[in-house]
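In the two assemblies presented below, chain A is common to both, partnered first by chain B and then by chain C.
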Partner chain A sequence: MTLKNMLVAFALGSMALLSAGAGPGFAQESHIGNLTGHAESGKQLYRRYCVGCHGPDGDSNGENAQWIDPKPRDFTLATFKCRSTPTGTLPTDQDLYNAVERGFVTTNMPSWRPLTPQQRADLVAFIKTFSPRWKTDKAGTPITIPAETPITLDSIQHGRVLFQKMECWKCHGAAGHGDGPSAATLTDSKDNPIRPYNFAVGSRFKCGETNQDLYRIFMTGLDGTPMPSFADVIQPNDAWDLVHFLRTLQPMDTKEAEIWKAYVAAHGADLKPIGPDSAGGGK
Partner chain B sequence: MSRSFPIGANAGKWLFVNSILVCWVLMLAIVGGSRTPAQAMPIPRVKAIPAFARKYGLPCSACHTAWPELNNFGQVFRDNGYQLMNDRDSPIWQNPSYFPISFRITPIWHRESTSNQPVDSIPGGGAGSTTVPGTVTQAGFDLSGMDLWSAGTIYKNISFVLLPSSDPTAVWHFESAFIRFDNLKGNPWFNLKFGRFELDNLISEKRFLFLSNNGGIYQIYHYNVPGSSNDFGYGDNQIGVEMAGHSKNSYTRYSVAVVSSNEGGVNFTTDVVPGAAPGNRTYDVNLAFSQAFNGGSMGLERFEAFSYIGQRPSYYQTSAGTQLVGLGNGPFYRVGFAGDLFLKKLELLPLFMHGHDNVYLGNSTPSNQPLPSGAQAPSFNGGFLEAHYYVNPQLVFLGRFEKINVGTQANSANPSDYGNVTAYAVGYRWYPIMFSRAGLAFHNEYAISKSIGIVPLSGDGTGLPPLPLPNSQNVWSSSLLIGFDFAF
Partner chain C sequence: MQRKIFMLLAVAALVSSNGVISFAMPAAGSGAITGKVTYTGTPPKMKPIDMSKEPSCAKQHATPVSTENVATGPGNTLEFVVVYISAGDTGPSEPTAAVRYDQKGCQYLPHVLPMQVGQQLQIFNDDQTSHNIHPLAKVNQEWNKSQPAGSPPIDTKYDKPEFIPVKCNIHPWMHGYFVVLNTTHYSITGPDGAFSLKGLPAGKYTVTAWQEQYGTQTQDVTIGAGETKAIDFTFKALPY
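Here is the complex of A and B:
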């Protein structure tokens, strides 16, 4: 076989393989700031990065999904935990973009910050092709987060009262360890077992890490999980008080923790325990 | 709604259709190699670690543009100490049966041909036979070397790599073995690595896409001017300590490594296998800095500057003629810059390097003895431009052009182009299997190099034995390779 023949064989084989790469087109777009994401570009990226867990059809049936806990998101349902929009509504493109960038702590979903902003925007556009809801519904209007109230002992103590009163402890446990009496029975909207957040394990939440993120989480709820929206139940100031108390449950050096530790050191014996036997969980 | 990705459950259909093409190309290529003495297949320098895919459930393509080459997500993962930083990295989160081990080997068919080799004028030698230049060609089925990878985290922010590697005859050595303390003080800018490791180079020869004898090395990474006793190769693993850091997305990266001046050798020698010359007692320094920029819809664009400053002995302390310790160290350096540039599906990898050796090293002369007439400190300039076109995550076309020119000859009497190298390589890799458990690639590659007056740096980077050739004689060496590259 001559060198010329080998090169011809190589070229023909290459062309034949090259021709196998075509695919269908998608018109869906996403809009994040000045970025416009295109589903067609996102398809290639989805295939590269996401398909192993979320599956070729976006239905969370990727070849690796069976081994994952918690399970990957089912994009065909268009139900998303992390939103800035009211419960039951579609998230904004920015919400999905933030989720892709942030990842989800204590899950198999990593942060995709190493991708360029354009690539993340393209992925968001493609994710929106999996459910017809994106054609019929509009994204909800993001909730307004008022300015944070001052972090004071009174605020933290009132937050503790709310933690008892609103029965957060039933799932999250009296100390926020995710071990409340209902914790073992919880399932998500696909009947998969789900664990409530354990505040003792770290500083990050699935949907962010700031006080604003925490406020947003219980004012919008985490759709598809047992975590409801409390937007119709508590007032903004009360919500900030709850945020301040929840921060004391985390192993962090925060102003909330500093204030609370000093109070507990002096008055810990006076605190009523949180739980079913407590009338008020208060001071 | 189905998108029929050729992965997972749909892989079978693709496999059938493409198998016809694969077999066709394979058969065409196989029919016709002539048969004469063999050249060794290089040890695979390439690294892809399905153990990580199994741990995190991500497909190969999440971390690799085309495995084993890393994309930026893979780079961040590596920079973080093989951690996704999702608070599930510590082994305590893994199923107890999980063991972070992978292996990789490539059954191949290849054809190697090199011109102007010293052969007997009468095959078999004997009376009347003389040594004449001839072309040596060999072809046949073969194996690559094998990598047996173990890598991962020992604990959160403590990672490790252990890589025993063998040549095709199963002679093993430790290609890499290090422990790394990650995110010291919770800061990604401080990570300490200790052991034997690859230098922090933007364009890695350990994770690149070429496999053949001629294409499977970057010539510039192993080049030394003819006559030099310097054994340094920028692509070779070194042994020492490295401090490295990076921004959260690894757009900005730096590393400072202090390594023994013994070419990564173990047991105080200059190699990882028995019988090597002893090393010396000094240290080399490698510096690298890279910065990436967001290229919008084009992709990520990264640039790097690097330098390696080292020493090598020019003679040895001896005992009854036996070499004991390298002495008379002569300095040398390599400096350069590189890029990793994306134009959507097209990736360009340019690199330029300048090298300079001490005059004693360059002339293989002990520094306690006089230099030969005409001796001078040699230098060279060279580089390459490599291109990858990603049709999709499972098909990539490759090409590379490489050129090295000697700037200053080790001896002024040498022709100015003595030792110059020109090399080309083209190929493609098709990945019919790309699960989060294992990977398989069909690999087809052709590479050819021309070196003037010297044997080519084909194969394992050390080249064939020196030939008594005129220093202006062109030596052509070509490789054609077809193989199934798999990692589990």
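Here is the complex of A and C:
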């Protein structure tokens, strides 16, 4: 490339920037329903509430971070666990807003409901300034979650077959205690040890608490963790069956648990165990 | 203000690099750069992998397979080194065929898979067990998908050049690399350490060799029309 070409290219590039980028819309915004968050306002809030763990550069190296497990989110990677969007895509603003509002149970991230909705929207806008990916990529399209199928014994039994077949037990364990054969070796994408969810504890999930949330968790995967997406390999109705079975692993008075307890009391001896030696996990 | 200036430069750079691609036709040449990759020093011992937790994979290997992060051959050669043109290439041509990555016997085949930016990548699970394929991209977007036995191949591609470690969380011994390159001219060394970059027009090139544990080395090479030049790379091996 000649010097002249380079100069021409530089001049063109500069003009393109001046016409496209210098307007007031240049600043990072977030859009949640009819709320619009602004990064400049979010920056002040971030410095007050978030910087201690997530760090001034958003890279999870705040002064508290070394004492915290699991580690704070590193915003520079733009990889997020709780999304409504497929694996490998950016979450929506609403997803980030929900995460700030909900907090992450069993971690050091509290719920930020004490802030106003506008403040939370501003924080979301500011969080998005830490990675250039928010300028180059669009958020993914949220996955479609069909209406929940009826909670029946058939559904739970089929869910159990899937739990075996999809090898959920390899990490989550045969009884969902988070003690499967691969559990001890799991690390997140920054090589920190990480535990699979223990259903027997019965705590809320990090990404919500409803059956819909549970559906979303395994169909989108939790990016940055070992939990993969099953969207390509589980059909929507089958996914509801798996949701219904997973509920039976929790120590809670759900309809799923009630149906399953009654069945196991009568037919428990016929059940093939979940695990490496089982042909199907079914009856 | 500083950020704006930075953006200005970034946009200018983007335009000028596009300029290179459109001005220079990807010319096919007949020059070549060939050579061998070797090491000096003591490489770490590759350890046998215990697959007893996954019997369906363990029984596929009569003798246990070894880790592959520093794979060597007779005569101090290094395997799985990606050698490619990192500067001087006249713009990559469109990738044509898809590249294939296999999960077989709880191993990644090949251990290191070079490909072009935008090239179709197909990932197969040939095993009787579930794998989750988890490429730990940082420049490209990270994703993580379950692929149970008998699932169709995963079809994907990468838009930006990057060295991406790949792992399976279910089988923690599985490690591999996607090497996404912005050039058509690349080669990966076999057990004999040999590489060959063919079809090069006359010109001045920077050739880079990348080894997953020992990083990169570069050499500048100038070749005439139809000329074949031999260069060698030597990595200093450390036993840890």
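One rule holds for everything that comes next: the second predicted complex is superposed on the first by the 256 of 283 C-alpha atoms of A that agree within 3 Å, B and C clash if a C-alpha of one lies under 4 Å from a C-alpha of the other, contacts with A are read in each partner's own complex, and residues count from 1 in each chain.
We take it that a residue touches a chain if its C-beta (ideal position, glycine included) is under 8 Å from a C-beta of that chain, and two chains touch if they have at least 3 such contacts.
What you are looking at is a predicted structure, and each value in this text was computed from that prediction instead of being measured.
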{"item": "Contacts of A:Ile156 with chain B and chain C, given as first, second, both or neither", "value": "neither"}
{"item": "First (chain B), second (chain C), both or neither touched by A:Val51", "value": "first"}
{"item": "Touched partner set for A:Trp67, first chain B, second chain C, both or neither", "value": "first"}
{"item": "Touching partner for A:Lys43 - first (chain B), second (chain C), both, neither", "value": "first"}
{"item": "Superposed model, chain A: greater residue contact from chain B or chain C", "value": "B"}
{"item": "Which of chain B and chain C A:Gly202 touches, first, second, both or neither", "value": "first"}
{"item": "Which superposed partner A:Ser189 touches (first chain B, second chain C, both, neither)", "value": "second"}
{"item": "Touching both chain C and chain B, counted on chain A across the two superposed complexes", "value": "1, 5-6, 9-10, 12-14, 16-17, 21"}
{"item": "Touching residues (chain side chain A, partner chain B) in the complex", "value": "1-3, 5-7, 9-10, 12-14, 16-18, 20-21, 23-24, 41, 43-44, 47-49, 51-53, 55-58, 62-64, 67-68, 76, 103-119, 129-130, 201-202, 204"}
{"item": "Interface residues, chain C side, partner chain A - complex", "value": "4, 7-8, 11-16, 19-20, 23, 53, 55, 129-130, 132-134, 136, 138, 141-148, 151-152, 154, 169-172"}
{"item": "Chain A-facing residues of chain B, complex", "value": "1-5, 7-10, 17-18, 21, 24-25, 28-29, 31-33, 56-59, 61-62, 71-73, 75-76, 84-88, 248-250, 294-297, 299-300, 391-393, 395, 397, 426, 428, 430, 435-436, 444, 446, 478, 480"}
{"item": "Partner chain C, residues of chain A touching it in the complex", "value": "1, 5-6, 8-10, 12-14, 16-17, 21-22, 77-79, 87-90, 133, 137, 165-167, 170-171, 181-182, 185-187, 189, 221, 223-233, 276"}
